[in-house]
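In this document, chain identifiers A, B and C correspond to the written order of the chains, with residue numbering beginning at 1 in each.
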Amino acid sequence: MSGGHSTYTPKTGIGRWIDARMPLPRLVYDSFIAYPVPRNLNYAYTFGGILAIMLVAQILTGVVLAMHYVADTRLAFDAVEKIMRDVNSGWLLRYLHSNGASMFFFAVYIHIFRGLYYGSYKAPRELLWILGCIIYLLMMATGFMGYVLPWGQMSFWGATVITGFFTAIPLVGTWIQELLLGGFAVDNPTLNRFFALHYLLPFMIAGVVVLHVWALHVVGQTNPTGIEVKSKTDTVAFTPYATIKDGFAMLLFFLLFAWFVFYIPNFLGHPDNYIPANPLKTPAHIVPEWYFLPFYAILRAITFNIGPIDSKLGGVLAMFGAIAVLFVVPWLDTSKVRSAVYRPWYKLFFWLFVIDAIFLGWLGSRPAEGSYVAMAQVATLYYFAFFIVVMPVLGLIETPKRMPNSITEAVLAKNKGGAGHPAGATASPETKG
Amino acid sequence: MSADDTIDPSRRDFLYIATGMAGVVGAGALAWPFIDQMRPDASTLALSSVEVDVSSLTPGMSLTVKWRGKPVFIRNRTPEEIEVAQKVSLNELKDPLARNANLTSDAPANDLDRSAGEGKENWLVMIGVCTHLGCIPLGQQGEYGGWFCPCHGSSYDTAGRIRKGPAPENMAVPVFSFISDTKIRVG
Amino acid sequence: MKKILKGAAALSFALACSLGAASAQEEGHSAAEPTHFPIHKPEQMDWTFAGPFGKYDKGQLQRGFKVYKEVCSACHSMNLVAFRTLSELGYSEAQVKAIAAEYTVQDGPNDAGDMFERPGIPSDYFPSPFPNEQAAAAANGGAAPPDMSLLAKARGVERGFPQFVFDVFTQYAEGGPDYIHALLTGYGQEPPAGMAIPEGTHYNPYFIAGKSLAMAPPISDDQVTYDDGTPQTVDQYSRDVSAFLMWAAEPHLAERKQTGFSVIAFLLIFGVLVYLTKKRVWRQVSH
C-alpha cells in the first residue's frame, strides 16, 4: 500500500517462494513495519489505531452476541436479558458491546477534531478525509440500528423519530419511510431488517477502512507542524516507533473503557431502554444516544419556516447538512497553512467550535423548551458559521506565524539545548532489539 | 542519552519479554469470555433434571420424555421381555458393557445392570438415541423385539442392547432415580 | 501536547460557565403547578453494592425478597427472574425448591390437550399475578403495575450538570434503588397549597412522572415480620426491597465489579510495561 519503493527482502527460502507468488508479507512489511511516519506525531495521532482496534472489538463482541440474540419483537427484549442473566459471560460481552459503541464514537470525535485542528484534510489528503467522513456516516447508521435491537422503549421511539425524518421529504417522504420500516410503523419487519443491516454495515465500515488506510499510505501522515516530510530524518519506521506508542495509547483507552464496562455500564444508556417497547406509550423525553445529541439539537433548533421550507424539513436538512458540510471541508478552508499551530486565530475559532459542539450535545439532552431553543439556535448558527464563514474567510485574512523549514528543524527547535540526534542517524528499524 | 548505551542488554531484553508475556496473558484472558459464552447457559443447565410420574404405566407400556433436548424412553417391561433379555449371555452381545451412568463404566451388560436394578427389573430407562448416528429408534420392533432404528437398520433387544446393525454401543442409560414408587427423576 | 491540555482546560472552564448559566434558568416554576418531575430529587443512600468493591448483602436481599413476596408480588410481576437464581441470595437448594413450590405455575398442554397447574420448580420463572397486561390494568384502575425484574435499572432521576460528570468518577450507579427507596418513603406528605390531586391518585413528590401516582402507599410499619431483628419500619423495608430489586435487575453486579478490579489492575501493570518499552524504544529519537 505504500507509494514508495519496497525495501522488503525475504530472508528464507519459503519467504522468497511466497513473495514470488503472493507478496502479502511484503505488503504487511511495507505498510506496518518499514512504513515511514513523521517523528513528531503526538498522542492525538494514536486515535486511528484505537479506532481500528475498537472496530475489531465491536465486530467480535457483536458476532458472539448475535449467537444469542433473536430478532423478533416478541422475543428480542427477553433475549437480551437472557444474555445478561444466563449466558456465560453474557453480561460482559453485552456491556462491552454497548459501551464499546460509545467508546468508538468518543474516539472518532477526537480523531475528527484532530483532523480539523491540524488541517489533515488539505490537499493532497481530500480523498482520505472524505473516506473518513463515509466511515463516520456508516458508523452512525450502525450505531442507530444497534440501539434499536434491545427493543426497549428508547429503541422503539428512537427508531420511530429517526425514520420519521424521511417523511419531511416532499412528495416521496412517506413512501420512503414505509420502505424503510416495511410497514406503517416500527414493527417486526423493521427490527428484522435493522438486525440484518446492523450485522452487515460493520463489514462495510471495515472495507472503507481499508481504503482509508490505503489512501493514508499513499499520501503519508500529516503531523503537528503540517509540514510535509522532506527527508529521511523527518521520519521514523512505523515499527517499533509508532506501534509501541499506539499500543500505549490503546492501553490508556482500554482503562477508560474498562471503567465504564465494569463500574458504570449503564451510565451512557437511558433507563427507559430497560422497559420493553410499547407502541402505545411514548416516554416523557425521547433522547438519542449521546453521540447523536449535537445533531439532535440542530434538528430541534429549526423551529421556524425558511421561505418555502417548513420547520420540519428545515430541521432535517440542517441536521443532515451538519454532517454533509464535513465532506466539503477540504474546499472550504482557504488557508495555505495546514496546522492550527501556526494559525492563532483559527486556533481560537477551532476551540470555540469544540465547545460549541459539546454545548450542542448538552442541549440535545434537554427538553426542547424555553431558553434551550434559543441557545440551540445560537449554537447551530456558530456550528455552520465555523465551516461556511470562518474557514473560507479566515484563510484569506489571517497572518500565520513563522513556520520552520522542516519537521526535523521543528523537533530540534523544541528540544533546544537538549540532545537532538537526527533520527535517521541513530535509529533504524534494526535498533529495536 | 549516553546512559542507554551502557544499559545491560539482558535488562533491555527482560523488559521486552515481560511486556510481550503480559500481552499474551491479556489476550488469552480476553479470549476466554468469547469461548465461555458458547457453553450451555444457566437456563439450559437448570432444565438438566426432569421428574416424571410413571404411575400410569402398566407392564408393556412406554413413555417418552424430553431430557436435555433428547428423548428418554421409560418402559415398564412385560415379564416375557425381561425373561428373554435375561437369557442372553454376555458373549452374544456386540457391546458387553452396561453403558449405565448409575454404575461403574466397566459394569457388564447383563439385564439387571441395564434395568433400574434389584426389585425394579421391569423398569428400563434409557436415552432413546441410536448410538450409530443419533436417530430415534422405533419401539417394539425389529428382529429382537426391542427397538429398531429406521435410519441404518440397527436392532436393539428388549434391554436396549445393540444386537445387529452398524450401531457400536448399547443405548445409554442416563443418571436417574426413583424418588417415590411412581416418580422417576432423570438427571 | 501542552497546548492541547491548555486548550482543554480553557474549554472545560468555558463549558462550565455556559452550562451553569443555562441550568440556572431551569428553576423558577410554581410550587402548586410544577412542570418538571420528580418534585424532589431522591436522597442518595448508602448501599453495600455501591463503589468499586460493592457486593450484595445476602441478609438484606433475603429480607427484600420477603417484602417483595408478601407485599409487592400481589400486583407486580417479576417475569425475568427464575426461582433457581434465588440461590444467589444464600438459600440452599432445598429452600429454593420449597420457595418455588409455594407458587402455582401453569404448564401444558398435557396428553389430553389441556393446560394444567402444578407447583413451581426451580427452573420456572416467577408467575405473574395477573393472566395478562389487560387484566392487570383493569384490576388497577387502568394502569398496569410495571414488571419488577428490571425496575431498578429502568428508573433513574436525571442528575443534571455538573453532577453527572462527577458521577463518572464516583461510580454512582444507584439511581434506581435510590429512586425506589425515595418513592416508597415519600408518601403521606401534604401537597403544596393549591395543588389539585386527581381522584384515585396519591401525592408523592418523588414520583418521576407526575405529582401523584395510582399506587397507594404499599407498605406500613410492622407489615412484614423480620426474623433477624432488623427494625420493621417503612424505611427499612424500602431499603431492603430496593436492594433486592437491584439484585433482580443486575444479578451479576458483584462478579462484574470483581472482574473489573482484576482487569484494571492488569491494564495498569501492562500499561507501565508498555510505557517503559515505549520510552526505551524512543530513547534515541527526539520528537
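The definition used in the following text is that contacts are C-beta pairs under 8 Å (C-beta built on N, C-alpha and C of every residue); 3 or more make two chains touch, one makes a residue touch a chain.
Since this is a predicted model, take the numbers as computed values, not measurements.
Trainee: Going by the touch rule set out above, what shape does the chain contact graph take here: line, ring, star, complete or other?
Mentor: complete
Trainee: Counting only C-alpha atoms to place each centre, which chain is farthest from subunit C?
Mentor: Measuring from the centre of subunit C, the most distant chain centre belongs to B.
Trainee: Between subunit B and subunit C, what is the separation of their C-alpha centroids in Å?
Mentor: Here subunit B and subunit C have centroids separated by 42 Å.
Trainee: Centroid of subunit A to centroid of subunit B, CA atoms only: how many Å?
Mentor: Computed value for the inter-centroid distance: 51 Å.
Trainee: Nearest whole angstrom, what separates the Cα centre of subunit A from the Cα centre of subunit C?
Mentor: Taking the mean C-alpha position of each chain, the two centres sit 33 Å apart.
Trainee: Considering subunit C alone, which of its residues make contact with at least two other chains?
Mentor: Those would be 85, 267, 270, 274, 277, 284.
Trainee: Listing for subunit B: what residues touch at least two other chains?
Mentor: 1, 16, 42-43
Trainee: Find every residue in subunit A that makes contact with two or more other chains and list them.
Mentor: Only 85, 92, 419, 421 qualify.
Trainee: Subunit C touches which residues of subunit B in the complex?
Mentor: 1, 4, 12, 15-16, 18-19, 22-23, 25-26, 29, 42-43, 46-47, 51
Trainee: Give the list of subunit A residues in touch with subunit B in this complex.
Mentor: 60, 64, 67-68, 82, 85-90, 92-93, 419, 421, 433
Trainee: Quick check on the complex: what are the subunit B residues that touch subunit A?
Mentor: 1, 13, 16, 32-34, 36-39, 41-44
Trainee: Once bound in the complex, which stretches of subunit C touch subunit B?
Mentor: Where subunit C meets subunit B, its residues are 82, 84-85, 121-123, 266-267, 269-270, 273-274, 276-277, 280, 283-284.
Trainee: Sort out for me which residues of subunit C touch subunit A in the complex.
Mentor: Residues in contact with subunit A: 1, 3-4, 7, 10-11, 14-15, 18-19, 22, 25, 52, 80, 85, 146, 149-150, 153-156, 161, 167-168, 171-173, 175-176, 209, 249, 251-252, 255-257, 259-261, 263-264, 267-268, 270-271, 274-275, 277-278, 281-282, 284-287.
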